[in-house]
Amino acid sequence: MAGRAESTAVAAGRRGAQILARRTRRRNDRRHNLAGYMFIAPWLIGFFVFTVAPMAASLYLAFTDYDILSTVPRWVGLANFQQMFLRDPRYWKSVQATFYYVMIAVPMRLAFALLVAMLLNTYRRGVSVYRAIYYAPSVVGGSVAVAVMWRQIFGTEGMLNALTRLVGMAPITWLGDPRTAIWTLIALAVWQFGSPMLIFLTGLRQIPSELYEAASIDGAGGADKFFKITLPMLSPVILFNLVMQVISGFMVFTQAFIVTGGAPLDTTLFYALYLYRRGFANFQMGYASAMAWVLLLVVAFFTALVFKSSSYWVFYEAKEEV
Amino acid sequence: MSQAFALSRRKRQRTFARSLLYHAVVAAIGFGMIYPLLWLFASSFKSTSEIWTDIYSLLPRHFTLTNYINGWAGFGGISFSVFYRNSFLYAGLGTIFVVLTSAVVAYGFGRIRFVGRGFWFACMLMTLMLPQQVTIIPQYIVFSKLDMLNTFYPLLLPRLCGQAFFIFMIMQFIRGIPKELDEAAEIDGCGKAGIFFRIILPLIQPALITAAIFSFYWSWEDFLAPLIYLNSPILYTISLALRTYADPTGSSDWGAIFAMSGLSLVPVFIVFVAFQKYLVEGIATTGLKG
Amino acid sequence: MNRNRWPIVLSVVLVLSLALSACAPAATPTPQPKPTTAAAQPTSAPAQPTTAPAPTQAQQPVELRIVWWGSQDRHDRTIKAINLYMQQHPNVKITYEFVSWADYWTKLATQAAGNNLPDIMQQDYAYIVEYTNRNLILPLDDYVKDGTINLNDTTPAEVNGGRVNGKLVAINLGSNSQCWVIDVDAFNKAGVPIPANDWTWADMERTAMQLHEKLGIYGMGAGLWDEQIWGSLYLSNGEWRYNADGTGIGYASDQPYVDHLKMLLRLQKAGAIVPRAEDVANYFGKSVEAQAIVSRKAAMGYIMSNQIVAVQKAAGEDRNLKLLPLPRLTGGKSANYIKPSQFWSIATTSKHPKEAAQFIDWFTNSIEANQILGAERGVPISSKVRDALKPTLSKAQAEMFDYVAQVSKTAQPIPPADPPGHSDIVGNVLYSEVADPVAYGQITPEQGAAIMRQEVNTILAKNKK
């Protein structure tokens, strides 16, 4: 007797708990909305005040002829796009240069960054010195000094040619030869791998050492540990670095601006540099805006691709979707 | 006993050899990495004519400090210390603002389910994809209407709203923290804010520090925004001042430019070295075991 | 750090930053002139030696904004001059801005877009048409007529460079002309005679080859592919690169340009001229001191006359450098014209155009001012100023003055200012589609010249009314 009453009571209790849980969940969901928006409020405000208007303005300008100096842009519809795609050989050269750069510099940079991050992820003596040394080039960034330095190294009388002379080769005009100029910029990008390296390092540090210890006990070797522990645990960070490097790769500007100026023969005329020239040097900001929005679409496309693929290889400890 | 001793000696030798190899490789690559910077510093101690004639040597033949003296004097009566101060203002304040707000926003995007989250996240990523060169004029007009030109406001205010790069980066780190910690705190009665301050924030220290390092040196070397928004030379940051130094139409004092560039790297380096200690410690999610 | 300390740290940081940001705006108001010359000093020189109509100026305070480009040297000199002006005119406060050439037009254009142009701005021949057409700079003829800007000591040749559509919109800050700089010692060593002033391109080619053979260095430096040279080729014939109303190409025959390109290719092949690849590799972003002649890698160089000062300084005072006019076409006239190196213009949005004009007048005519400025922008247009400066000139400056004086005797009248679209042509056509492909051997000179003609006509066709 008591058992049945008990079980009914339990059943009633369980049902009550379910109803309570559902109600609480709904309340929790609502609370989550408010909490969510409160947390992202700083960004949202900034987005509306500082970003949306300029972005919308530039979208509008893409369909106009705007030379900055006149106050009123002139509507021209699709003329900018037509000129860009059909009648501007330099446009396609800039697309080519940029794609070439992204395809080569981005993977190289990430590979080096990961490699060096792993090398430096130790407690050996002096590792903090090495870390500083490897990060140092990135600190130099896009200053005037970097440009001079880089042109010095790759110049006809520069260090690199000193090395080639040592081995008996003729000096190469790295910066003046259309075949090699872009490699000086790729080298610059790879030299400054400090940023993704630092992020990888931070990610590596977050991998609990217990995992490695447990794996060792289970008899796992170095390669196993790398592929079964390091890579998966690092995958959110890899995703981040990949996305950011792809985006910044497409928008590469400063290095070409200060080191080569797009020369020679436009082999280093990156998209963003050409866009800048068109906008500010040629007083064709409408055209530049059109170029910018095409770039945005292309970059968004590739970024979406990366994100879509991420569900296959990114492992989140917190088991959530993007 | 002697056998054990012999074994351990071999092991020690092996570890020593490994260590030597490690240091040899890493140091060699490190030297190659840093050579251009060494050249920069070395050149700053050479006289301008020697820089271009005696290119390869890392040791100046006539060691001179005139470049530093000339460079520090700045130009137009404004010494470099002013430029330093301005750069510190921009980079320092900007970093504090952006890292804190980015962490807050990152938590929102990374940990809280809410309506429209995916949409706003996509918007945020999109802001990264439009080159600054085409938004800068409309932004300039916005700030011009707000009467904020020739001040640091246009440079610092946007920093109060987080920055997409850091938001995304910190998000990814937050995702690496197991949800069980959150749930444990929730059971203890913590609200979302509590979870953020008590659980998440301490655990993402390395990410915050990384963000701080990046933000600092990006602000330090940014020149487009200072060029547009800062009119009076007395407000110029170092990046802008150095560009003003190197004018192709007249003669430029390259020795001074190198000297000042070198000096301008020092604070960033110090920031990096000071903070990387925290990166080393890292965190273990040992909270799980407890 | 202990996790309990974070909220405290955060709040401290937040408070600190709020406090600091409250201080920050205090650092940003328009700066006072540097303490060395207090603007509030009671002036003891109301009797200006040069500007005539000044005495009637009202004593209410006037603020002017001025912007220029240049190098350190120019910044220092100009600021000193401005401080002197403020000392002499205590009711005028001038705030100044300056950047390097590379960033100047970006900054100026942005300010124009934001309706924020400074009262006085440095202008360039390549841009005054664009700015005038958009009504951004003020015609100054009235100020000349009523004497606010005194141009009595100048010649029309020096002034008319600042005219667009007949109106004077910009005041010449220093006359310049293109020139060849030659290393006299190198010539002597090679036993090559110094060319005459009316030398031709054929002479130039022969000289460069001889210098190369005798000395093993480059006969000639870089820069001969640029648009100024392209224009000067035709000036020698009495034509110009563009036609008079800026709607299309200005010369009848492509042949001079084709010959020129062919000559450059011959010189390049023989090693007598800095190759285009090296030009690109070594000289981008560097200043004049990177010229090959400075480091004795070449015996000749191509510069603007006001750059001789920087070149001499970089090369060393002991070097024997001389200026020659541009080579001309065989059977042609002088290929030189007197070009204003830069101008001052006044923004149409300026609230104090008259005071701005007074400053410009002072800048042009005051001997004190020009002694400070040191003719760094070019040869001053006022003959009184030139005479006053003569005794104090350095070797290079004297060479510059003499050169400009001598060239003016035979120079052609200044060609019309570059039409809108010029920057497009130089930026997107001249080097990318014509000069570099020819230099790298991708297309023939004939093809290059044809592309040039076609593209110029297409781009400038937009100017047809």
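Per-chain numbering from 1; labels A, B and C assigned in written order.
The definition used in the following text is that a contact is a pair of C-beta atoms (placed from the backbone, for glycine too) under 8 Å apart; a residue touches a chain by one contact, two chains touch by 3 or more.
Treat the numbers as computed from the prediction; the structure is a model and nothing was measured.
Q: What shortest step count links subunit B and subunit C in the network of chain contacts?
A: Between subunit B and subunit C, the shortest chain-hopping route counts 1.
Q: Using the touch rule from the top, work out which pair, A-B or A-C, shares more C-beta pairs.
A: Greater number of contacting C-beta pairs: A-B.
Q: What whole-Å value do you get for the distance between subunit B and subunit C if each is reduced to the mean of its CA atoms?
A: Computed from C-alpha means, the inter-chain centre distance equals 38 Å.
Q: Nearest whole angstrom, what separates the Cα centre of subunit A from the Cα centre of subunit B?
A: Here the centre of subunit B sits 15 Å away from the centre of subunit A.
Q: Quick one: report the Å distance separating subunit A from subunit C, using the average Cα coordinate of each chain.
A: 40
Q: Which residue numbers or ranges of subunit B touch two or more of the other chains?
A: Residues 136-137, 243, 245-246.
Q: Out of subunit C, which residues touch more than one other chain, so two or more?
A: Answer for subunit C, listing residues that touch two or more other chains: 106, 110, 113, 115, 285-286.
Q: Quick check on subunit A: which residues sit in contact with 2+ other chains?
A: Answer for subunit A, listing residues that touch two or more other chains: 68, 148, 280.
Q: Show which residues of subunit C lie in contact with subunit A when the two form their complex.
A: Interface residues on the subunit C side: 105-106, 109-110, 112-113, 115, 130-131, 134, 136, 275-282, 284-286, 420, 423-424, 427-428, 431-433, 436-437, 440, 442.
Q: Quick one: in the complex, what on subunit B touches subunit C?
A: 52-53, 75-78, 89, 93, 96-97, 100, 136-137, 140-141, 144, 149-153, 156, 197-198, 201-202, 205, 227-228, 231-235, 240, 243-253
Q: Which stretch or stretches of subunit B touch subunit A in the complex?
A: 19, 22-23, 26-27, 29-30, 33-37, 39-40, 55-56, 101, 104-105, 107-109, 111-115, 117-118, 120-121, 123-131, 133-139, 142, 157-158, 160-162, 165, 167-169, 172-179, 191-193, 196, 206-207, 209-210, 213-214, 217-218, 220-221, 223, 239, 242-243, 245-246, 254, 257-258, 261-262, 264-265, 268-269, 272-273, 276-277, 279-280, 282-286
Q: Per the contact definition, I'd like the list of subunit A residues that touch subunit B in the complex.
A: Interface residues on subunit A, with respect to subunit B: 29, 31-33, 35-40, 42-47, 49-51, 53-55, 57-58, 61, 68, 116, 119-120, 124, 126, 128, 130-145, 148-150, 152-153, 157-159, 162, 191, 195, 198-199, 201-203, 205-206, 208-210, 233, 236-237, 239-240, 243-244, 247, 250-251, 253, 272, 275-276, 279-280, 285, 288-289, 292-293, 295-296, 299-300, 303, 316-320, 322.
Q: Which part of subunit C faces subunit B closely enough to touch in the complex?
A: 1, 3, 6-7, 10, 13-14, 17, 20-21, 24-25, 27-28, 30-31, 34, 36, 65, 67, 69-76, 79, 95-103, 106-107, 110, 113-116, 285-289, 295, 307, 310, 313-314, 376
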